[in-house]
Amino acid sequence: MFRTDLALEAKEMVHEASGKTTEIEGVKAESQERDGLTITTVDILNENGKKALGKEIGRYITIELPPHSSFCEAYYRLGCIELKKALLSLLDLNKNNEVLVVGLGNREITPDALGSLVLQKLIVTRHLKTLAPDAVEELGTVSGIAPGVMGMTGIETVEIIKGILEKTNPSAIIVIDALASRSTKRIGTTIQLCNTGISPGSGIGNTRKALNSTSLGIPVIAIGVPMVVDAATIAFDAIYESSKPTAEEFLKNIPDTLKNMIVTPKEIDKILVNMSAILSGGINTALHPIPLEELSQYTG
Amino acid sequence: MFRTDLALEAKEMVHEASGKTTEIEGVKAESQERDGLTITTVDILNENGKKALGKEIGRYITIELPPHSSFCEAYYRLGCIELKKALLSLLDLNKNNEVLVVGLGNREITPDALGSLVLQKLIVTRHLKTLAPDAVEELGTVSGIAPGVMGMTGIETVEIIKGILEKTNPSAIIVIDALASRSTKRIGTTIQLCNTGISPGSGIGNTRKALNSTSLGIPVIAIGVPMVVDAATIAFDAIYESSKPTAEEFLKNIPDTLKNMIVTPKEIDKILVNMSAILSGGINTALHPIPLEELSQYTG
Amino acid sequence: MFRTDLALEAKEMVHEASGKTTEIEGVKAESQERDGLTITTVDILNENGKKALGKEIGRYITIELPPHSSFCEAYYRLGCIELKKALLSLLDLNKNNEVLVVGLGNREITPDALGSLVLQKLIVTRHLKTLAPDAVEELGTVSGIAPGVMGMTGIETVEIIKGILEKTNPSAIIVIDALASRSTKRIGTTIQLCNTGISPGSGIGNTRKALNSTSLGIPVIAIGVPMVVDAATIAFDAIYESSKPTAEEFLKNIPDTLKNMIVTPKEIDKILVNMSAILSGGINTALHPIPLEELSQYTG
Amino acid sequence: MFRTDLALEAKEMVHEASGKTTEIEGVKAESQERDGLTITTVDILNENGKKALGKEIGRYITIELPPHSSFCEAYYRLGCIELKKALLSLLDLNKNNEVLVVGLGNREITPDALGSLVLQKLIVTRHLKTLAPDAVEELGTVSGIAPGVMGMTGIETVEIIKGILEKTNPSAIIVIDALASRSTKRIGTTIQLCNTGISPGSGIGNTRKALNSTSLGIPVIAIGVPMVVDAATIAFDAIYESSKPTAEEFLKNIPDTLKNMIVTPKEIDKILVNMSAILSGGINTALHPIPLEELSQYTG
């Protein structure tokens, strides 16, 4: 079966494969709708749940927005608010905690630039707590880095982050990355937060060593947005509709011409801008006590 | 059947559909290999050929480069040389002729930015023929514009170009656009030139009114490079392999989630840079008597 | 004396040179302050006023915002509102009028990219009035183009616009360009509107043939924002402070190393983004009956 | 006196101030011309030389190219060759040494993006030495990072680099940054290499803690290119020409409107592209045994 970075999709795929939507042992899911957004919490509780969904034990919160074509100021605001809420439910913060925000991905590849773009709008204060403490007295302590992918640095991203952690000692890490999804309709509409960390490059390119609380020693919250679907997924789905056995056969011999190909909406450049606005808005208001409408004073 | 912008592919599709490679009446094709590049000339001679390939009567020259992963300085040079040769074979130029180069496409959408990028590197001299004639005495007379797509201007591109033609009176037009292909392996490796013009937006988005010698009144040479494949094409091909009738069925009900989706290689941003370098190199050396190695003096 | 594109500055310079702020015959000026913004209307009434200020006869409205460092959502809104108001006072529009918006400047040079950036956010509807009239029934009829500078097209911009006018027949033109100012403190804080048109390249590079109602045959409203100061201006001002005669001497022999040099704030990239947001917001709400907070639904 | 990042300029300023070009005790300088490029080596030998020039004890090599307007393929090649030569004279490398290349500066500010751009073209191999050793057997071991400025990370750059050093253990560091110069004519024409390290932000913005062999514990080679001149420098120079005392006075009260302003050539965007090409070409050929003409195979 094809890989998805979304726990929600993994669960749907299990239901679909089994033909029934009865509960999976070790998996608990709960959905609510608010102002047109759907917020789903999937808890993977034990080894059975982990095996069933192919995801680490922990909590996954999914915020589903309306189709990107209806993106507007109102959905930007609602997205920020729900993201802030979800983030604070996963991240046990008190006023003196320092948080490091890491933007993963390759800024030179449009659908993979999400992490870098969010970092550009992040309100960073760690240095000012020493250099100009009065100016940032009310704000949280936040640092950030977008280290680039291993193909550009030659270094495992987890090693770069470990090195920085040892010099800065934050209480928690927020990691942002573009994800891969099973379904084109999720591109630029779904945000997933989880407390299980992330493997860089899972959205685009090869998976690298995981960034999580085991490898880094402090809580790691991952925030991701599906930006691409593999071309092979699209082809598989199309075949599967007509013939399951042929689809299985296809999986064993994926044509070379499909590998390395990604599927995106034509308007991916706009989706990138809009989703990075929601992510930075939600993260900034979660880490700092700033009203959403005053954010631009800090981020320009 | 799915659309292709390449006459070469259209011909291959006819052969494939009929199961034989005998000649198509009204179509003449000829291939040669030079230094690892394949140059194919397809002539559509009459109405029968036009109907068979779904392409206008005229000449189509295709330059096929090796896979993009092996792109290097040498292939850049060979690509420029073959493009210059092909362009001059289609364009009957004498020293005093003025040429207008038009870059189509939407520069805000990565795979559609090809035309705009080529225009950035175009050596433009028309104004200098009056303002500084000595400085450009040896050079051709060239003007250029990248008007943007109809969705951004509100005006049919053919109307903008007609308006400019009436003010500048060039002898010929070269139009550059990103194309759609049937096959992922052609993305960033194939260049098509033709003397039949082009319909803006055929690569990405909706087709608009044609730019050709009928609509514009002077010779129109189109240069295009496949930059995307439709997601539906990928799905269709996958199904077709296993069951032709199912594939036909699929065609009648293409899922909404696939429409508006495009397939590109992950490294599309690099392909864009490299292909626009070949196109501008070939066009600049065709329109001006400048050796390839001295181009950067003019284009910075 | 050094050139300024702002009528307001030209007036200040006359006062300064004469050492008095008495009225200049043929020039009428009036200022008001609203919500921290200063709006000044300068009317050049006759040949004497024209000669005194070195500006064409007509109306110049200047909107002065607080320093860029205090830019925020609130000033964005106020800027949009005042711009809309000023624009509608200069432009006699009725519901069926068609407006062409022209973005001047070179998008490859950061401080000169203002026109192009505003065009990217312009809500363009002219084509939809035919293709999807119901969808845009309530909206105005707007087209737009960012033709690029003469150095990139080889064609006088006024000729390109004339060609397009003949094909589209709008009732009025709005032209947007980056300006040069006398003073660094105006960069990114002042917006000038006028009904006398503009000469492309006055901000950066060489002045080209004017775009105005005489050359184009319909009303031309120009909107400009100072984005640079000439390096020679900075030097002149510094010398002038200490010795007027030396300053006069300097003017006669401006060192070659200063020519072609521009002065900008370090944060010019951010200023560009913020000022283009105000300009597109003000123009879109003036040409279409859309509330400011719903704009992002149309512009993405 | 105004600050310069160039030892060569510091020396010229001392000569100018003293009115004589006799040798400065503790400073040794030597120039040669090769193919139109001037290569100057300034050695600061002792405390007296350090005090006289305001630069650390060590070696400074300056490569001066012709004016940017005459930039061409030939000067690109010559620049790469001289940079490689100078770099290898400062860096004692053997085949097994690992080098970390650090690109300083803020990629969001055009003249400060030099370091980031060079990193984009760096051939990085460190990870492949483990993952695909055969593919890079002939190449050096190189890693790289462009961490962003302290204003974006909240962390002193030297701390980030220290953290990474502890995880990767390279033998030497090459640091790249945009510099400030005294003179507009050096912008984009002069390259300085030195073995004394660098203070991030010296070109644009506030100076931060130094990156040098003392702070990092291994050899640090800094490579810089002047990309800006302070606006106050331009003004000072202009006044100084006419009256030295007034200039001294000006220095004590630099107008606020000049602070935070930078002077660049109009074509700074092109200069950035061309200079980053020379820097990456020189560094890549110094660290890897790859002929210049085959570089594009590796960097795309």
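When the chains are written out, they are named A, B, C and D in that same order, and each has its own residue count from 1.
In the analysis below, contacts are C-beta pairs under 8 Å (C-beta built on N, C-alpha and C of every residue); 3 or more make two chains touch, one makes a residue touch a chain.
Quick caveat: nothing in here was measured; it's all calculated off a predicted structure.
J.: More contacting C-beta pairs: A-C or A-B?
T.: Result: the pair with more contacts is A-B.
J.: If you average the Cα atoms of chain A and of chain B to get two centres, how far apart are those centres in Å?
T.: Centre-to-centre distance between chain A and chain B: 38 Å.
J.: Can you work out the whole-Å distance between the CA centroids of chain A and chain C?
T.: Roughly 42 Å separates the two chain centres.
J.: Which residue numbers or ranges of chain D touch two or more of the other chains?
T.: Answer for chain D, listing residues that touch two or more other chains: 108, 267, 270.
J.: Which of line, ring, star, complete and other names the graph you get from chains that touch?
T.: Here the contact pattern is complete, since every chain touches every other one.
J.: Could you pull out which chain D residues touch chain C in their complex?
T.: It is residues 108-110, 183-185, 204-205, 229, 231, 234-239, 241-243, 246, 249-250, 257-258, 260-270 of chain D that touch chain C.
J.: Which of the residues in chain A end up touching chain D in this complex?
T.: Per the stated touch rule, the residues are 108, 119-120, 122, 124-128, 142-148, 150-156, 159-160, 162-168.
J.: For the complex, give me every residue of chain B touching chain D.
T.: Contacts found on chain B: 70-73, 76, 267, 270, 273-274, 293-297, 300.
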